[in-house]
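Remarks on the structure that follows.
Order of writing sets the chain letters: A, B, C and D. Residues in each chain are counted from 1.
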Amino acid sequence: MVDLRVTLSGLVLDNPVIPASGTFGYGNEFKDFYDLDILGSFSFKGTTKEPRFGNATPRIAECDAGMLNAVGLQNPGIDAVIREELPRMKRYFHKPVIANIGGFSVEEFQYCCERIGKEEQVGLIEVNVSCPNVHEGGINFGSTPEGAAAVTRAVKQVTDKPVYIKLSPNVTDITAVARACEEAGADGLSLINTLLGMRIDLAHRRPVLANTMGGLSGPAIFPVALRMVWQVAHAVDIPVIGMGGVDSAEKVAEMMMAGASAVQVGAANLVDPFACKKIVEALPGVLARLGVERAAELTGMAAAKTE
Amino acid sequence: MQKQGLYTIQENAPLTRDVYRMVLAGDTSAVTAPGQFVNVRLDGCYLRRPISIADWDDATITLIYKVVGEGTRRMAGMGGPGAALDLLVGLGNGYDLAACGAAPVLLGGGVGVPPLYGLAKRLWRQGRPPAVLLGFNTAADVFYEQEFRDLGCPTMVATADGSYGQKGFVTDLLNTAGMRYDYFYTCGPEPMLRAVYSACACPGQLSFEERMGCGFGACMGCSCKTKYGSKRICKDGPVLAKEEVVW
Amino acid sequence: MVDLRVTLSGLVLDNPVIPASGTFGYGNEFKDFYDLDILGSFSFKGTTKEPRFGNATPRIAECDAGMLNAVGLQNPGIDAVIREELPRMKRYFHKPVIANIGGFSVEEFQYCCERIGKEEQVGLIEVNVSCPNVHEGGINFGSTPEGAAAVTRAVKQVTDKPVYIKLSPNVTDITAVARACEEAGADGLSLINTLLGMRIDLAHRRPVLANTMGGLSGPAIFPVALRMVWQVAHAVDIPVIGMGGVDSAEKVAEMMMAGASAVQVGAANLVDPFACKKIVEALPGVLARLGVERAAELTGMAAAKTE
Amino acid sequence: MQKQGLYTIQENAPLTRDVYRMVLAGDTSAVTAPGQFVNVRLDGCYLRRPISIADWDDATITLIYKVVGEGTRRMAGMGGPGAALDLLVGLGNGYDLAACGAAPVLLGGGVGVPPLYGLAKRLWRQGRPPAVLLGFNTAADVFYEQEFRDLGCPTMVATADGSYGQKGFVTDLLNTAGMRYDYFYTCGPEPMLRAVYSACACPGQLSFEERMGCGFGACMGCSCKTKYGSKRICKDGPVLAKEEVVW
């Protein structure tokens, strides 16, 4: 028997598979497809202080082995999530959930983390400083070590829940941002968010997305995500949740061997609503084939040839 | 409740030079209303392709689709023994048949026509045979006129270039002498929906299209603003009541 | 009849299709597949001052819709290229070629550009400040505006041939690097080089590539490349050669609509040696369908919705 | 000269639980020597897959491949009327038959065995029937022993676990009583090549594997260092003479 459990800052997950924020709503659309309690956890849709409609449509464009989205953090706002979504979620998900929080100022991040941190259903908070689709005020905190550290410090003051900072891949040196977050007190890191990309509608001679650019996700970004997880895991001593293009149990194992303690699955849920269920079910077989008895052993198992 | 499954291709043949009809066999229990759609997985395409259910029965689903890009091109090439498609079935709200009034009219344009067929059949069964107005670009594009007639529906066709039926748009057919209606159902390209919205004083329902990520309400890719807040075209739509549309 | 000609800094190409450096050698392996004179031009394998064997193998890893390479600039050195490759090339390619130059110090770049600039077969020089696979001395000039500008200034002093700087996508703000090159006198820009990525060999519990990381290319990176071409074309007034994942005439058109004056095709040549021939042959039909009479009109044709 | 084309699958059947033989019909004029390989394009795989030519004639190419990953799994599932594969043909240098000496020996391990078959046939035609030594892991993995015998070649098999033939490695068979050879040809996993390199005092040729980008010399993905400078396994190899190998 293979032991699939992994631990994130003291939180024990039954397995390392976690649907990624923005691809799983608040769970409601998936609960009819399968029993969500088979998941390690899930990260709910990025939630902000105020309700947001998000960007104009089209918000979605197709790519080879991936997709662009420019949803722009559509969500009902933190108060509605606490009032309506969390109580409803209790009926179909009986494990600690990951609260994904977005924001446009340090104060907003603080407000949301303080409020959501008080909810007992929340196992850890994932702070998204890296959404490529919203640039109000022109600030993307995740682009600089200073910005990411400022948010980290601020939210750590207002909650006792473990705080994971979700990093942007659209940077020259992700390890610098990662280290800054660690020094600022982050309990862990989530990476990667989407790569900034674009498509053009030839017939109409304009960008496909109303927002011009959007975030690339899906298998296309897996090698970049894996590289960044590897780099960051070698640069910090806090746990890393790896994501980006994972769509199979083998890729979960690759992410973990690169240094991830748990793995999120995003776009794959959209093209196959059963993606996470299939991955959870395939994991024991993959681990057995690799001669690994405990999923947690996978973390960082791959050794650099040059190190 | 939405279902995912493999559906066997029973028929896949052209209706016009670029519009095909595909009949698929499999579990249809998830289909609850005309105007719902399926989301089709295709090798080599990352996202699924949303296609309206043109008709269905206990064992089959009929799709009518136009070849416009890579995905629909692949669909058109499929068939042969054992060929099957991975579908998500039972997506969307579909048309509300209860609201149909005493004299419903159906207005369809191009590949907006298909879902109206399943709708017409069920309105007819409900004792409310609708008038059917179909718009196409040109004579060669016309399909399903006879099928609607065979249902017993008075059916008229307009073509933009006048090469078949009346010259003009589908909304022009509303002015036909003797035309009486108190409720409309429509599906077609957005300019047509706007024209119908303006032309029909009565209440009605419009079916919308949007680029989709998932098709089952998870990604917020297809949101639109309505008078009652934001709705997902894939889950809360694709059919919206006229009175909630913001135009 | 559609006019396929495009112009790069005064150099008129019969069409915008250019095999990308490192995927076409010095042309020799392709001349038996088709007549190379149908190409707009081609960019030869990145050439350095000294001959280089490159990295240890495995140097190649497969990805979804793409591949990683860590060749590490294997080449016979600038002198051998001038002595042997260029005279041989004359027999099967009768148009100006693009000389792609790599280097590990400003002096090396200068040395190579000065020498190759004197060769009449060379139409323009493409200076690769962005190879992700070589880090000797830890310097990647393309990672900072200052580094890229320093190389640009230095090579512009030693040659009269148009100089295009080839930019790295592995940066937070590619427009800053682009503008620095423009200010330093670059005649044009080439982008993108590969995205830094990685794969792990599960069975052996180690990176697939001997070099650990490598450069991701192929259709997977097209949306990122297109976005960067768009951003850079909006930020500078010099021509841009777009590349990254192009494998069809439609994608050539997308790149040009985003702002590219010509387009390079890389990894596609490796999986289909006839890729560029097919693209050149398909272009007139694609342009006709788009209602475009001259390929040069495509450049920047897409308008931002928000601008 | 290398060629690219579509080749029709005439036969595709298992030889063992995971090794398949595929016979493809098409233009074979680009094949000039045993030990050359083809590069196979497969839907859903970005890179082509290099597979040695096990045998060929005027109209067909035979491949023997082991299912190890996604690409070979797809190959194993192919077939049926009209099924075809996109191949690059005539890749690599192949074995040099002229250098074969008076008594050549062929040493093959696992899926290194296939190219030796085409080689044995041609050595035989040339009047130099080789001794053939084959190594496998276990009895269930053994294939083509009879085919080599049918060519008229003295053939011996070793298995690592002793479940068939002699227990041990293929190089152990060199010590068989009466075994005489003055030249070797080999193909197999690298540890085996190294063992052959050490065990055989005579000259010979070794066929190498490397991860490939293109397979026709363009990308420098497969370079290796030899005594005479760097060589591309795909173009200047896969066969190297013993004396140039740096070990």
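Observations, loosely collected:
Assume contacts are C-beta pairs under 8 Å (C-beta built on N, C-alpha and C of every residue); 3 or more make two chains touch, one makes a residue touch a chain.
Owing to the predicted nature of the structure, the values given are computational and were not obtained by experimental measurement.
Here the chain-to-chain distance from subunit B to subunit C, counted in touching steps, is 2.
Among the remaining chains, not one touches subunit B and also subunit D. The mean-CA centres of subunit A and subunit D are about 46 angstrom from one another, to the nearest whole unit.
Between the Cα centres of subunit A and subunit C there is a gap of 33 Å. Chain geometry summary: the mean Cα position of subunit A and that of subunit B are 36 Å apart.
Counting partner chains per residue, subunit A has residues 61, 63-66, 219 touching two or more of them.
Taken together, the touching pairs link the chains into one ring where each has two partners.
Per the contact rule defined earlier, chains pair up in contact as A-B, A-C, B-D, C-D. Contacts from subunit B toward subunit A in the complex involve residues 1-2, 4, 41, 45-48, 88, 210-214, 216-225, 230, 235. Interface residues of subunit A, counted against subunit B in their complex, comprise 22-25, 28-30, 32-33, 45, 53-54, 57-67, 69, 71, 74, 208, 218-219, 267, 269-274. Those residues of subunit A that touch subunit C in the complex are listed here as 61, 63-66, 68, 143-144, 170-172, 195-200, 202-203, 205-207, 210-213, 216, 219-224, 226-227, 230, 245, 250, 253-254, 257-258, 290, 301-306. The touching residues of subunit D, when paired with subunit B in their complex, are 43-44.
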